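Listed below are the structures to be examined.
In the two complexes that follow, chain A is the common piece, with chain B as its partner first and chain C second.
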Partner chain A sequence: MTRTPSAYIVGAYELPERFYPDKSLAQLQAEAALGALADAGLTIDDVDGFFCGPDAPGTGPLSIADYLNLNLRHFDTTNTSGSSYTVHVAHAAEAIAAGKCDVALITLAGRPRAEGRAKGALARTDNPQQPDFQWEQPYGLAVLNVYAMVAARHMHEYGTTAEQLAWIKVAASHHAQHNPHALLRDLVTVEDVVNSPLVCDPLHRLDCCVVTDGGGALIVTRPEIAKSLKRPLVGLIGSAETTQGQNGGYMDIITTGAARTGPRALAEAGVSIADIKYASLYDSFTITVLVQIEDLGFCAKGQGGAFVSDGGLISGVGKLAVNTDGGGLCNNHPSNRGGMTKVIEAVRQLRGEAHPAVQVPNCDLALVNAIGGQLAVRHAPATLILERFA
Partner chain B sequence: MIIGARTPGDLEPTPETQDFWDAAAQGRFLVRHCNTCDKAHWYPRGLCPLCHSSDTNWREGSGKGTIYSFSVMRKAEPPFVMAYVTLAEGPTMMTNIVECDSDALAIGQPVELVFQPSKSGTPVPCFRPATT
Partner chain C sequence: MGISKIVMGLDDKPMWASIERGAMELQKCGECGEFRYPPAPVCPHDLSADATWTPVSDKGTILSWVIFHKQYFEDHVPPYNSVAIQLEEGPIVVSQLQGDEPEGSWIGQRVELIYAEHAGRTQHFARWLKPQAA
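Then we have the complex of A and B:
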């Protein structure tokens, strides 16, 4: 018996392009918002709640709310990096249940390629007042080199191989070949991945996600409004979020906070992991997917390599269809923040609107898991359980 | 790949950490220890992150540890080794492995402290394969 949703996702829209040299960031935020509202059958005058991340230029929600001329009763600018927009879905549902707003708009847009910032290997620049700054930044901390340490440790503890990780990219490419908007549409093989250049041992170039311009938006609303619209009903029945750091130096970098958010979200939803028909899993790198599969309970810890091998994540072929839009690994990772597109593809699957070649039959229950920040350093996982209602 | 010395990025000590960097300037490596739970922690804090006692103090670190995990940043110029090293005192710290052949490194390998000066000369604790 699943929980009755307090809120539904009624609008989902992904900007079609992957390079936007001729539009402003504010225009992209607005186009994403209007696209999701049109998808829902609502107008911008219906929006009374606004959720955005720091990709929205200006102080918190102020500049984009003004640009769109919104009339708000509620806003939330929680920033957990890539998982922000997944967190926003849960926070929107909570705000709606509390009566703080009726129609929540969540946006993401960015143009790192157009702005020449498409260099994921560069050291991050953070605030020197961050207590961790002086203990990490001097060492050249970058997203790539800490995820590579997760892969190295997983290989050490469980014998996971580069070929097993490669299967995750292979599955993404199998899905992306059907997505006309995907940045990378060519099928790749395990050999292609392991023969691509090592960018940070043990990760190869093809173990990494794409860097893209673009974005998307979601509309979350209360049950009475959702049922008055013409779109299929996709309800939020479970959610959980947490943060995980280094535990004072006594950490396990290959176990993510999803080991806690997954079971909590499933329990709230009243379903088990075996009931999940489709999963959107954050795929900044191949290793990111592997550890989530284990930590969410799709398989035992250490068995992720076997789970993903031989097409394990390919829709219609494997044990679990994952990231059927091609994911961040092949399709889209706008503004280096993947939590928005993860929700959008789950909504497509639950509506039966994914590409026919990758659509999961009778897909009525989906899990979304996003990882914001950096595994092995500090991160914020967020899990959603979404159900299709008649 | 042969990895030589590395010039770490610059940092700004805070009132909470000034003693650590003053000691480093004298070639000493300090580890923060909690007198309540009797454990060392990393990174150093006034408040123990394990038991939240404020009864913490500096102790001389051994400078000995083992590699917990590492990655080889080939894309950087020059390439460098990012690592987590588990100190003999208990906690694991982010660092760089220097003066090594990156192809010969292994998780579990013993390493020893070697300070590397930052761009502006602050000695930053790094590690190299143990020589003893």
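Then we have the complex of A and C:
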């Protein structure tokens, strides 16, 4: 027994390229927006709600709203890093249910490669106004370090191996080979991953996501409008968000806040984790996927290594098809923010519009989980449960 | 690339002053008695602003560890490590192991904080406390 959606995702568009040296950030935002509107069969004049992250140029929604000449009744620029756009879907549905807007546009675009910021896991600059930053400083830490610490601790507690983590990348490459837009389309093996250079032991280069230019956009609207369009109906039936930090120095570094958002979103939807046919899981690093699979309840804590092994995440092969576009590990991680592409591929699966080689048969229920920020020290998980309606 | 920096907000100054003296102090909550790290204006467990800067034992256990093979800072040349240490007082801090290293996984090994100059400042590092032969 699922609940009646208060809103539907009727437009989804991913910019095709992964390197944009000759298009401005504003143009990429606009092309993403127009692509999603065309997909929905709506026009820019229909948009009365706008949701964006700090990847949009200027202050909050102001520049892009001006550039696109939007006539807004509602906006929301919640920033939880990579999960922002997943949060925006839920917030758009809430705004629509509250009568604040009818057609919500959510955009993401960035060009870190074109701007020479494609340096992998960048060293963070210190911010003395942010008490939690002290944790990573001043011992030569970067983003990657904390994820590697989570991996090392997971290996210690549960016997998880580098080879098991490698299977997550292998699955992504199996999917990406069918995606003509993916940055990395070559199949890789477990041996390729564990023999790739160590970046931050125990994580190798191929345990890390790509850095890409690009972006995407989504259109969320109310049921009456959604049913008037010619697109398959993808409804939001459950959502949850939270934050998790250091708890004054007493954090459990291998458990994410998804352990709370997953069960809450599923309960709201009235479905169980076993009902999920497809999952988009934020894959900044292989370890990120592993802890989400456990925390969301696809398997018991500590069993993630066994779950992902032997093609466990490959569509048509394993127990659960995950990131069938190739994910952030192989396809796309635009502007270092993966939440948007996670929603887009879930919409494709629910519409039956994924590549035939990776399409999950009769895919009527999908879960999206994004982790914004950094595992262990500060992050915002956001879970969506999406259902296809006839 | 640049030099790694310390975080020196208003709330952090007493801690860095104690590190400069070679005996790190952290805030101990006057309400619940818990130590907290990083420094913060209130205890995250009861939001009490009543805290006393109190020396820690400098002893703890490695909770996790990594070894960098890619350079991010001029003053940290790979391979270099960083370790998360759970202090005897409770909070998890990050440091860097110097000197002898355990074989295999470092997790669970006991360490002691030592103080040394680095990049023109004093900061703590960790020294392995080798298990005594039985």
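Definition applied: the second predicted complex is superposed on the first by the 382 of 390 C-alpha atoms of A that agree within 3 Å, B and C clash if a C-alpha of one lies under 4 Å from a C-alpha of the other, contacts with A are read in each partner's own complex, and residues count from 1 in each chain.
The rule is short, and it goes like this: a residue touches a chain if its C-beta (ideal position, glycine included) is under 8 Å from a C-beta of that chain, and two chains touch if they have at least 3 such contacts.
Values in this document were obtained by computation on a predicted structure and should not be read as measured data.
Engineer: Sharing chain A, do chain B and chain C clash or fit in the superposition?
Structural biologist: Pair status: clash.
Engineer: Considering only the touch criterion stated at the top, classify A:180 as touching first (chain B), second (chain C), both, or neither.
Structural biologist: A:180 sits against neither chain B nor chain C.
Engineer: Determine, under the contact definition given at the top, whether A:141 touches first (chain B), second (chain C), both, or neither.
Structural biologist: Once the two structures are laid over each other on A, A:141 reaches both partners.
Engineer: Once the structures are superposed on A, label A:249 by its partner contacts, choosing first (chain B), second (chain C), both or neither.
Structural biologist: In the superposed model, A:249 contacts both chain B and chain C.
Engineer: What is the contact status of A:361 with respect to chain B (first) and chain C (second): first, second, both, or neither?
Structural biologist: neither
Engineer: Residues on chain A in contact with chain B in one complex and with chain C in the other?
Structural biologist: Dual-contact residues (chain A): 123, 128-129, 131-142, 145, 148-150, 152-153, 156, 197-202, 246-251, 253.
Engineer: Could you list, by residue number, the parts of chain B that touch chain A in their complex?
Structural biologist: 6, 8-14, 16-17, 39-45, 48-50, 68-76, 80, 82-84, 87, 90-96, 102, 107-108, 118, 124, 126
Engineer: Tell me, which parts of chain A touch chain B in their complex?
Structural biologist: Spelled out, the residues of chain A in touch with chain B are 121, 123, 128-129, 131-142, 144-146, 148-153, 156, 197-203, 246-251, 253, 376-377.
Engineer: What part of chain C is in contact with chain A in the complex they form?
Structural biologist: 1-2, 4-12, 34-41, 43-45, 63-70, 72-73, 75-76, 79-80, 82, 84, 90-96, 105, 107-108, 118-119, 121, 123
Engineer: In their shared complex, at which residues does chain A touch chain C?
Structural biologist: 120, 123, 125-142, 145, 148-150, 152-153, 155-156, 197-202, 246-251, 253
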